[in-house]
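First comes the structure, then the notes that go with it.
Letters are used for the chains, namely A, B, C and D, taken in the order the chains are written, and counting of residues starts over at 1 for each.
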Amino acid sequence: MVALPALLPEELKKDFPILSRTVRGGRPLIYLDSGATSQKPRQVLDAEREFYEQRNAAVHRGAHLLAEEATEAFEGARATIAHFIGATDVREVVFTKNATESINLVAYSLSNAATSGSSASRFLVGPGDEILVTEMEHHANLVPWQQLCQRTGATLRWFGVTDEGRLDLSQIDELINERTKLVAMTHQSNVLGTVLPVQEIAAKARAAGALIVLDAAQSVPHIPVDVADLGVDFLAFSGHKMLGPSGIGVLWGRYDLLAAMPPFITGGSMIEVVRMEATTFMPPPQRFEAGVPMTAQAVGLAAACDYLTELGMDRVAAHEHALTEYGLAKLAEIPGLRLIGPSTAESRGGTLAFVVDGVHSHDLGQVLDELGIAVRVGHHCAWPLHRRFQAQATTRASLYLYNTLPDLDALADGVREAQKFFGTV
Amino acid sequence: MQLESMYQEIILDHYRRPHHKGLREPYEAEVHHVNPTCGDEVTLRVHLVGDVIEDVSYESLGCSISQASASVMSDLVIGKSVKDAMTIGDEFLALMQSRGSVEPDEDVLEDAVAFVGVSKYPARIKCALLGWMAWKDATSRALETAS
Amino acid sequence: MVALPALLPEELKKDFPILSRTVRGGRPLIYLDSGATSQKPRQVLDAEREFYEQRNAAVHRGAHLLAEEATEAFEGARATIAHFIGATDVREVVFTKNATESINLVAYSLSNAATSGSSASRFLVGPGDEILVTEMEHHANLVPWQQLCQRTGATLRWFGVTDEGRLDLSQIDELINERTKLVAMTHQSNVLGTVLPVQEIAAKARAAGALIVLDAAQSVPHIPVDVADLGVDFLAFSGHKMLGPSGIGVLWGRYDLLAAMPPFITGGSMIEVVRMEATTFMPPPQRFEAGVPMTAQAVGLAAACDYLTELGMDRVAAHEHALTEYGLAKLAEIPGLRLIGPSTAESRGGTLAFVVDGVHSHDLGQVLDELGIAVRVGHHCAWPLHRRFQAQATTRASLYLYNTLPDLDALADGVREAQKFFGTV
Amino acid sequence: MQLESMYQEIILDHYRRPHHKGLREPYEAEVHHVNPTCGDEVTLRVHLVGDVIEDVSYESLGCSISQASASVMSDLVIGKSVKDAMTIGDEFLALMQSRGSVEPDEDVLEDAVAFVGVSKYPARIKCALLGWMAWKDATSRALETAS
């Protein structure tokens, strides 16, 4: 085992209280399921608690000191998060409960355009129009678009995936055409690890006049993301996958678009004037943040951004890249193991999904769990992609900044142990 | 390792050499059940003669627990009256929900007692129940068709 | 000042760290804004933190030990919360981000029925159908219904409010008719304090075949609520108003209805089978919980329910009733103060809204804030109700279990001080 | 109490006896602005002659700060050129966003310097700006109509 210069210091683990707990049979926990949700550093938990114990109040609604301080903390968090993704206009950051809601917000706003008057006509979608996705999408970036098509009569189309686990761009000029109203794609696949050529696709989509939604749930936590560079219109991610609390997500959107879009969830704090007969709405981001928001969680997520910024997203990405190279090599040595996804670490994140001949992923996961190794088994909310690879289920190890080379050694050893247990080697 | 308590030899045997597997004619009802969290699936047919379960045939894709459980289930219910088989099914369900705290009755459950270890792993209980739920569903449908 | 036997011990304040902080000029904080959001006891903050530090994982998705423990904590929280509101079937409790989303969930599910096939036909709403609300609704229980009408062509109608601040039931037999598809009302007004005769209205609505949605955001935190007794179909509330974390709400719904309703937000963890062409959905509650949920917040909310249950909701209600009687009497002594809402504590919660001649509520709130007293000023997300009372804005003191008689003395003294400052007395 | 720093006598005077209040003819543009958090509202008209603000007239409902600010604003802009008035408006906006950290220029802002204390209370800044925003909006519209 070599210590690679790109790696972050192992002491990082100490910031994460849960990583020092033990699991089955008193074994230390080896957490390789950050693609599902990440663990939280003390700094994030402290920030949330400090908010509750010192400044908790309903934001944007009160004139008293606590409300003032809470609003400042909340809007300060918005600014920190905006800065983290390179958004220069803080009003472009909308808080949601998770990436799933962020994507649904766009999908519902589009169908609401049908009954929102002429100012929303640029968002109209209907029969003959096409929504374009990919076969590697997480259900969160697939089902909402199926449902939008069901509500409006539009047609869903999709990019295929190559055997290597890359997006199949061979049909792009047919797939993106004048009927294409919206292109929704993932930035980084939560199964394959593949990073998509977003700028290239976005440029064609923009030329065709389509809106572009990027599911950045697996990229914002792991690589430097700058919305100004990507050329997309909307970007969705979740706090819980990037060291932040559960219960918060973000939709970033271009201001001119957000400002013209009909609302999604309606209620308090997003209105301008309310009469029994009719209501008018605030500009973004308020228009899309009905009700008392996830205030403490926004503060926690901002603390997570600060933590990541202090480490440096470049270093986080380099760390994961080094781990990925090492892990890919380790897994490649195991007979009977088939990787699903690119076999090299180029344009690829630290998500290692695979099948093992003769050992179902549920059984493999069970053996690993017994060894203290937490991985995910199943279709990882990407069922069509699994069908594409004739894999009913896969085992997925997903890495983050607190993982180490020994974690990957343990994974490889665990896979071999499962093969022995089930008598396939 | 505690693995042996879950993967008892009986289970691994059924997994490697499942009984009654394959889809057969005749049948009165066929169902397709899926475990949405992992994608495991089973297609299962029931053939009744009067109130006796004459045959249960199935195709399935899934982990050792779900495969073995379907095999054990078919052994247990084929040839029984619907009523008796349902009682066994209820007993198995109770075992699965027991978190390992009940002593399974071997006279009733036969090879299915081997699943006692599975009941300690909540995420795997659904695996063990997949075939049973499919059988229960198919049987109710077959009874409906008959009446 | 008398110590009333119904009051809870003052030591309760010690459970709430924020209540020992000081505000402007080093004055102790007197928090009278719990109607906006409540403060959190240490017990709730500890439960959340313990979850993050020991059991955090994505629920319902993993097979490893952490995922198992996290799922157990999450589903255990659901059971605790179900029990707290008298729901016997835990599957009837759906987690949302706040009461606002809970209400929108029902409203969108209804409009989605239009494109969800015949199984959803009982939820169809269209031109000629009527949605009935009240003039005292919070915007969260008004705007979503306006929007539903806008999407479907249905007509919004509403109950008026009497001068005493009670619901005007004189037109009930005309308002509830065979065209009424849904009745949405508040359980307890967030301005007037008025508790509505829910059972009476629900019985008529049910007889007319209408669905009944109860906004319980201001009742569940303050009085014993039992869904089995109320005769409603849906009930919505927020965690943050009942000692729980921000970022979590609940929709309770009758199982047979939830089981027949189309989904609202779609994505991972709510699906049965996903193909590129089409998707089928899980039964409730999963069908309505797309994406990684607010897990830690559910655990925190369950801890809040435990805290309230240990005190006893009867005692909480009695405490607030005693405070309300005292506060009403105190305010009635102030010349130039006009209360908005019932002047006695019967069928009324601890929400004291008023206007003071010659002192705008913003200015009054400022004086109170300077004295360390946090109240809310404005329309409190109930703008039509304020119009009804020709009040552009009111000052609202809203009480909770940690308030005391001296808090109300301070309020009354503060109002008089503001009158002096602005020279109106 | 710090209240006196926010509610300076000048402010209370304007609040009790607002200048230029009431809606008057002629005007080129009328706007209605609302503060959505508290419901304070103002209806405001602008009358231009060439590029000079000949009159600003308004009706408003709201707190002392919003009322006094509208009154002070009308004093400041009436009779000025649009350009000069906009400069004063920008100066006032900067003061409001200063959190009390800048020394306001009394030569430019006149009575409006009294609002320096308000800038320390973020929730009240919108009150102080309500009339100004309405005036700015109405003026742009009046200019559009003219061109």
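One rule holds for everything that comes next: a residue touches a chain if its C-beta (ideal position, glycine included) is under 8 Å from a C-beta of that chain, and two chains touch if they have at least 3 such contacts.
The structure displayed is predicted, hence computed values, not measured ones.
Novice: What is the minimum number of touch steps required to go from subunit A to subunit D?
Specialist: 1
Novice: Decide which interface, B-C or C-D, involves more C-beta pairs in contact, and give its chain pair.
Specialist: C-D
Novice: Quick one: point me to the chain whose Cα centre is farthest from that of subunit C.
Specialist: With centres defined by C-alpha atoms, farthest from subunit C sits B.
Novice: In whole angstrom, how far does the Cα centroid of subunit A sit from the Cα centroid of subunit C?
Specialist: 31
Novice: Averaging over Cα atoms per chain, report the distance between subunit B and subunit D in Å.
Specialist: Distance between chain centres: 77 Å.
Novice: Can you check how far apart subunit C and subunit D are, centre to centre, with Cα atoms defining each centre and the answer in Å?
Specialist: 38
Novice: At what distance in angstrom does the C-alpha mean of subunit C lie from that of subunit B?
Specialist: 45
Novice: For subunit C, which residues are shared contacts with two or more other chains?
Specialist: Within subunit C, residues 24, 61-63, 67, 271, 273, 362, 366, 377-378, 383 contact more than one other chain.
Novice: Hey, what residues on subunit D touch two or more of the other chains?
Specialist: 37, 121, 124
Novice: Quick one: in the complex, what on subunit B touches subunit A?
Specialist: Of all residues in subunit B, those touching subunit A are 1-3, 6-7, 12, 37-41, 61-66, 121, 124, 127.
Novice: Mind pulling up the subunit A residues that touch subunit C in the complex?
Specialist: 17-18, 21, 23-24, 29, 31, 33, 36-37, 39-40, 45, 48-49, 52-58, 61-67, 96-101, 103-104, 108, 112, 114-116, 135, 138-144, 146-147, 150-151, 156, 158, 238, 240-241, 245-249, 263, 265-269, 271, 273-279, 290-297, 362, 365-366, 368-369, 373-378, 381, 383-384, 387
Novice: Could you please specify the touching residues of subunit D with respect to subunit A in the complex?
Specialist: That would be residues 34, 36-37, 121-124 of subunit D.
Novice: Can you list the residues on subunit A that touch subunit D in the complex?
Specialist: 60-63, 67-68, 71-72, 271-273, 282
Novice: So in the complex, the part of subunit C that touches subunit D is made up of which residues?
Specialist: 24-25, 360-363, 366-367, 370, 377-379, 383, 386, 392-393, 421-422
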